[in-house]
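Consider the two complexes below, in which subunit A is the common component and subunit B and subunit C are the respective partners.
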Partner chain A sequence: MIVHTFRKEIKELWRDGRVRIAFIIVLFLTAIAVFISTNHYKNVNEQYVEASANEREVWDNQGEKNPHSAAHYGTYAFKPKYPLSLIDQGVDKYTGTSIFLEAHNRNEAQFIAASDQTGLARFGDLTPDFILLFIIPLLLILIAYNSITKEKENGTLTLLNSQGAVGWKIVFGKWMAIFFPVCILLSALFLITGLLLSNLPDFGVFSWASLFTLLVTYLIYYAIFINLILIISASVSKSGIALVLSLSVWILVCLVLPKAASNLAEYKYPYPTRQEFSENIAQDKKQGLDGHNPWSKAAKELEEQTLKKYGVDSLSQLPFNYDGYRMQKGEEHEAEIYFKHYNYLKTQYSNQNGIYQKLAAISPYLPVRFLSMAIAKTDYNTHWDFSDAAENYRIETQKFLNDHFAEASTYGEWGFKADADFWKQLPKFNYEPPSLSKIIQTNTSSIIIMLVWLVGSFTLLFFTTKSL
Partner chain B sequence: MLRYNFKYEWLLLIRNRWIQLLSILLLLLFGFAVYNGIQKVEARQNSIEAAVTELKTQETATLSVLDSLENGHKVSVSRWRLPSRPVVIGNSLARVVNMPAKSTAFIATGQSDLFTHYVKPTVTGDDLSMSYTEMTSPVQLLFGSFDLAFVIIYLLPLLIIAFSFNVLAAERESGTLKLLASQPIRIRTWVLQKLGLRFFWLILCISVTLLLVFVIFSFDFTANWTSLLVLIGYIIVYALFWFVLAFATNIWIRSSAKNAIALIGFWVLFVLLSPSILNQLSNSLYPMPSRTLMLNQMRTLKAEATKKQDKILDSYLRDHPEYAINDSTQTRNFYHKYMATQNLVKEELRPVVEKFETQLENQHQWAHTFSWLSPALTVQNALNDLAGTSEKDYQEFRSQSLEFAQQWRDFFLPFMFNNQKFAKSDYKNLPAFAYTYKEDATHLRILGLLGISFMIMLLVFLLKPMKQKISIV
Partner chain C sequence: MIRINNLTKTYGDFTALDSLCLTVKEGEIYCLLGANGAGKTTTINLLLGFIKPTLGSAYINDINVVEKPKLTKNHLAYIPENLMLYPSLSAIENLDYFSGIANKKFKKSELEAFLVEAGLQTSAFHKSVAKYSKGMRQKVGIAIALAKDAKVLLLDEPTSGLDPKASNEFGQLLQKLRQKGVATLMATHDLFRAKEVATTIGIMKDGQLKQQWSVDTLSLKELEDSYLETMSYNSLQS
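And then the complex of A and B:
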């Protein structure tokens, strides 16, 4: 029975003009989206390579200089783009791409792409993720809204029943007939994308496993949607009503709830404004050790401690330049302050995340949205990871410079200059993004919620259609 | 006939519980949206106020130190933080250059979650390092905000579609169309009357619920009644457009399901697709130069400038002989070199920065030219303008604040180069900033949308082949 229904439905769909047109439109849109994203990806990558190389050259060739002047001069860490961002741009548009690494300060990532665009950008971009998350579910509604109501309206359901067909078997056949075309189409699209990406020169970061996980995520998303549509179609008697109801669910799940969630999250766990944030840090810094201020209370304490530790009675007797040493201690203290304040931001965000997760109980869009970005390495967590890595590199750089200052010069020698080739010894900034297994680990809750949705909707579908 | 129709429609809508359902739904949606909007505006105003209060306390403290200094008392401030140094005042007492919210700001979030509402330009800071983006979770920016504009632009059309997609087809599907055809009225006129009545009831529901929500959230009606009228006007025009579209599909398409599909298709096209396609096109046609490469340029320029600091200062002083003349001490320190270099770098970077501005302006122009293609865009822009949260408003804030930053620096430059001390009496001369909203919004686009609605209507009535073809079977 399942096979018969499947065959009949597939044939019917194939012959239906609106389905064909809809498919063609979606394919056309996807092609444009992929084309635009590929260009964007290539551009950004070229800029990234060029900017990183330039910046390193500027650093290497700064000539003879005091190490601490070089620390103030600073350097930049640029955020790379990853191949799967071609499929899901995630929050990339709203996070900065470059972080200035200098002495005493941890800086936020600069240059948010959205702030360099018109207000149109807030409506969204025509990218593959837009089509995958919004348009294909809509297409599914279009295909499936009347698959059970039409049997009721035409009276064929009675005929089917009289032949001894069981409700859930008919529905399962129909389910397969809707899912299969989408599954094949999507797999083909992902395969093409995979081949395209693996042929790019910087193939190293692309992984088929990630692409496959992404594909499975979307297939589960569509399965959930098909279940919801069929449940509605089985519960009402008119096609028109089924369509309007399915669409309402789509709007609620994909548009209304995410926005409502974002408002709730902001209301309950607000971020400080940029100015407040920097003011708070400045307050904390004032009270502690400042590498540039040898007269503060904290500086005096450090002085005494150091003298005691090395058993000498004046700073010039120390085996290193105390100025560099104090500079480093100040740096470490400031890094702690930043760590504390950034941790506060992270806590706020993880609390916000909790709200998104709670609302995911009524919107399967949310867990899929988060998972998809995470796998594509365009989510907020990846941005945090990058920003932390840049901060670690900054701390290491400061240590590298201050240590050299302390070791190679004597106390009070502020005119000291490091050799022109000294700068080349600083290791390059190399950012390794989290691996797929790590990503899956951090997103377990999203995966569980998504699977609960899948199983739950299947069960509900089974019980609503057991006896049609 | 209109009288019968009116009465019947009223009874139908009431007994179907349509009116009741709609009112409750609208009340909930408007209520939640306005609540969210007001929360955001309050947070914005509070942060500005906090910054101003903070500045005031700092000012009092600084002024008292200055007072003691001038009276020859001893102060416990390290030498380079003495407020008699102009550079200290220029950096530590930086004004809170802010953009207060309009009273209508809660209507549309617009770009207000992306950009900051106050900056504190310092005398040694440079324009490029001033950050205008707000510290918001990017996830929030991605999802957007549930504001009144969202309800109006995204959800209202869907309510209208649900309200009107099967007006004619339902009659046909339930077999009552034949009865109707026997009445002395043309089907088209009948559909028009019926939809017109629904339009009337919907607008009434919207106005009443909106007013109720505004009353609940204590909106200041006396001061802002024009904005309220404009808002309702926008809603009427936008709703009319969707009703006209529903009228056309009702006449042209026979089955109710297909009607719904067609209307949803229009919705997807106007609300989701055309804005994103326009955005992509504007980005591709007027691509932004790379910010990362701009950084490179800036760094190289700064590095070069630092190497020739002394020369730069010399030529700067040649250009500004007043500084060389007025200063009796003729001492030059780090900050003199710094300020002169800063000026030079700014001048040299100007073409690079301008390229960003012109490209953004081009994108904006392009988007503006084609925004009439999507009624959703037209209304979004109009609402953002009304709320004072459009990208233009933030651009305006940027340029006004940068102007002020220059004014602030210019105020301190003579002090610094003349090696003149900052006195308590100079305090009252400090430049002050007040943001003024630029009011150049026109209703032309909205009127254009009204025109489009009439054109669609006209088409439905004029297209000959359709004239008698509304089949009743």
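And then the complex of A and C:
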């Protein structure tokens, strides 16, 4: 009965112009979106490769210089682009592309793509994730809204019942007939994207496993949507009402609830303003050791401790340059301050995420959105991960420079200059993003919520259509 | 065989069917006549298991309709007043699908044979049924019944709206099925067709079976007079 209905529905859908038009729309929009995204990411990636190489060259060739001057001169950590960001660009546009690494300060990522765009960008971009998350569910509604109501309106349901049809089997056959073309279309699109991405030069490490996980995530999303549409179609008697209700669900699930979740999260767990954040850090810095200020209370305490530890009477008797040593201790203190304040931001982010997770119980869009961004490595978690890696590299760089200053010069020798070849000894910044297994582990709650939606909507569909 | 014992259906204070008793044996065609709202369609819907009776019982081939509705559907076929098929599919495809729903699997040649037996022109087999007349759709309905090998046929106003030729052809098809031993219960307004095809005729009014004859004992004129008398009696009463 299921297979029979599936075959019949496929024939009907194929002969009905709606499906062909929907397919053409998806293919056309996706082709444009992939073309635009590919060009965009090619450009961005070329810039990334070029900027990374140039910056390193500038660092390596800065000539003879005092290590602490080099620390202030600084360098950049560039955020790599990942292949799947072509499918889901997530928050990349808003998080910046590079972080300036310098002594004493942890800087925010800068060169935010969105800030370079015109006001027209407010209308949104035509990206693959927009099509996957918004347009395809909308087309599913247009294809499936009258799946069951038309049987009631045309009177074929009566004949089916007289033939001994089992409601849920008929509906499952219909479900398969709607899902199957979407599955084929999406698999083909992802396969083409995979082939395209795996052949792009300098486009990072491409993972078929990640692409497949992303495909499965979206297929589950569409399965949930089909279930919701069929539940509505089975529950009402008129196709017009089914269409209006299905569109209302789409608006609620894809537009209203995500915005409401965002507002609620920001309201309950607000981030400090940039001014507050900077002031709080500056306040904490004032109360601790400043590597540049040897006369502060904290600097005097460090001096006494160091002299006592090494059993000497004066700083010049120490086996290293105390100025370099103090600089490093100052850096360590400042790093702790940054760690504390950024940790607060992360806690707020984590709390906001908790709100999203709770609201995901009433919108399957939310867990899918988070999973999609996470798998594409364009979510906030990956950005935090990159930001932390850049900060660790900054701390290591400062230690590398201060240690050299302390070990290769004597106390008071502010005119000391490191050799021109010294800079090349600094290891390159090599950021490794979270692996797929780590991403899945981090997003377990989203996966569970998505699966609960899938099982729950299937169960509801079964009971709604058990006897049609 | 159809067996109905004291079948009653009420909706609040309204009695749609009142203690109906009748039997349709193998190879019999029982025509239920009556005005709109007499209870003819309610009887058919009860036999189909679409609604549950308030009192009484009904059996299709000795299987209780209320207790085993799914099982009874294996033995019956139903053709409503307006048989609706899937418009984008052909007659063959519709027949294949509805047979499949009844767990019957046929080759294409077998499906074509059923359509031929139902009297559908060969040239129409592969055309979309959206272009079919009502008569042609009814023939597909008969083909569905043939394919199902149904022992009981329930018809609700099947000739309503058919032209005389199509109606006559439909009558002949019913006779064919009768010869195969199918028990048919047909609700109709068409006295002439009822007299033509039925073995037994009953007249219903206000959910009750008022009169019942064997067709052999009754001329068309007598049937018409009895029917009009019952109807006018009804009108005077109301």
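To be clear about the criterion, the second predicted complex is superposed on the first by the 465 of 468 C-alpha atoms of A that agree within 3 Å, B and C clash if a C-alpha of one lies under 4 Å from a C-alpha of the other, contacts with A are read in each partner's own complex, and residues count from 1 in each chain.
The criterion applied here is as follows: a residue touches a chain if its C-beta (ideal position, glycine included) is under 8 Å from a C-beta of that chain, and two chains touch if they have at least 3 such contacts.
Being a predicted model, the structure only gives us computed values, none of them experimental.
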Decide which partner touches more residues of subunit A, taking subunit B and subunit C as the two options. B
Which partner does A:161 contact after superposing on A: first (subunit B), second (subunit C), both, neither? second
Could you say whether A:8 touches subunit B, subunit C, both of them, or neither, answering first, second, both or neither? second
If you stack the two complexes on chain A, which partner ends up touching A:256: first (subunit B), second (subunit C), both, or neither? first
Identify the partner contact of A:336: answer first if only subunit B is touched, second if only subunit C is, both if each is, neither if none is. neither
Using the superposition on chain A described above, determine whether A:244 touches subunit B (first), subunit C (second), both, or neither. first
A:421 in the overlay: touching subunit B, subunit C, both, or neither? Say first, second, both or neither. neither
Looking at the overlay, what does A:388 touch: subunit B (first), subunit C (second), both, or neither? neither
Where subunit B and subunit C land on the same part of subunit A: residues none
Flag every residue of subunit A that touches subunit C in the complex, lowest number first. 1, 4-5, 7-8, 11-12, 15-16, 154-156, 158-166, 170
Going by the contact rule at the top, pick out the subunit C residues touching subunit A in the complex. 48, 50, 70, 73-74, 76-78, 80, 82-89, 93, 97-98, 100-103, 144, 148, 154
Can you name the residues of subunit A that touch subunit B in the complex? 18, 29, 36, 39, 43, 47-48, 50-51, 54-55, 58, 62, 73, 76, 78, 90-91, 93-98, 108, 110-126, 130, 134-135, 138, 142, 145-146, 239-240, 243-244, 247-248, 251, 255-256, 258-263, 265-267, 270-277, 279, 293, 295, 345, 348-349, 352, 356, 380, 383
Counting only contacts in the complex, subunit B reaches subunit A at residues 32, 36, 39-40, 43, 47, 50-51, 54, 78, 110-111, 114-120, 131-146, 150, 154-155, 158, 161-162, 165-166, 169-170, 256-257, 260-261, 264, 268, 272-273, 275-280, 282-284, 287-288, 290-293, 295-296, 299-300, 303, 356, 360, 363-364, 367, 377, 380-381, 384, 390-391
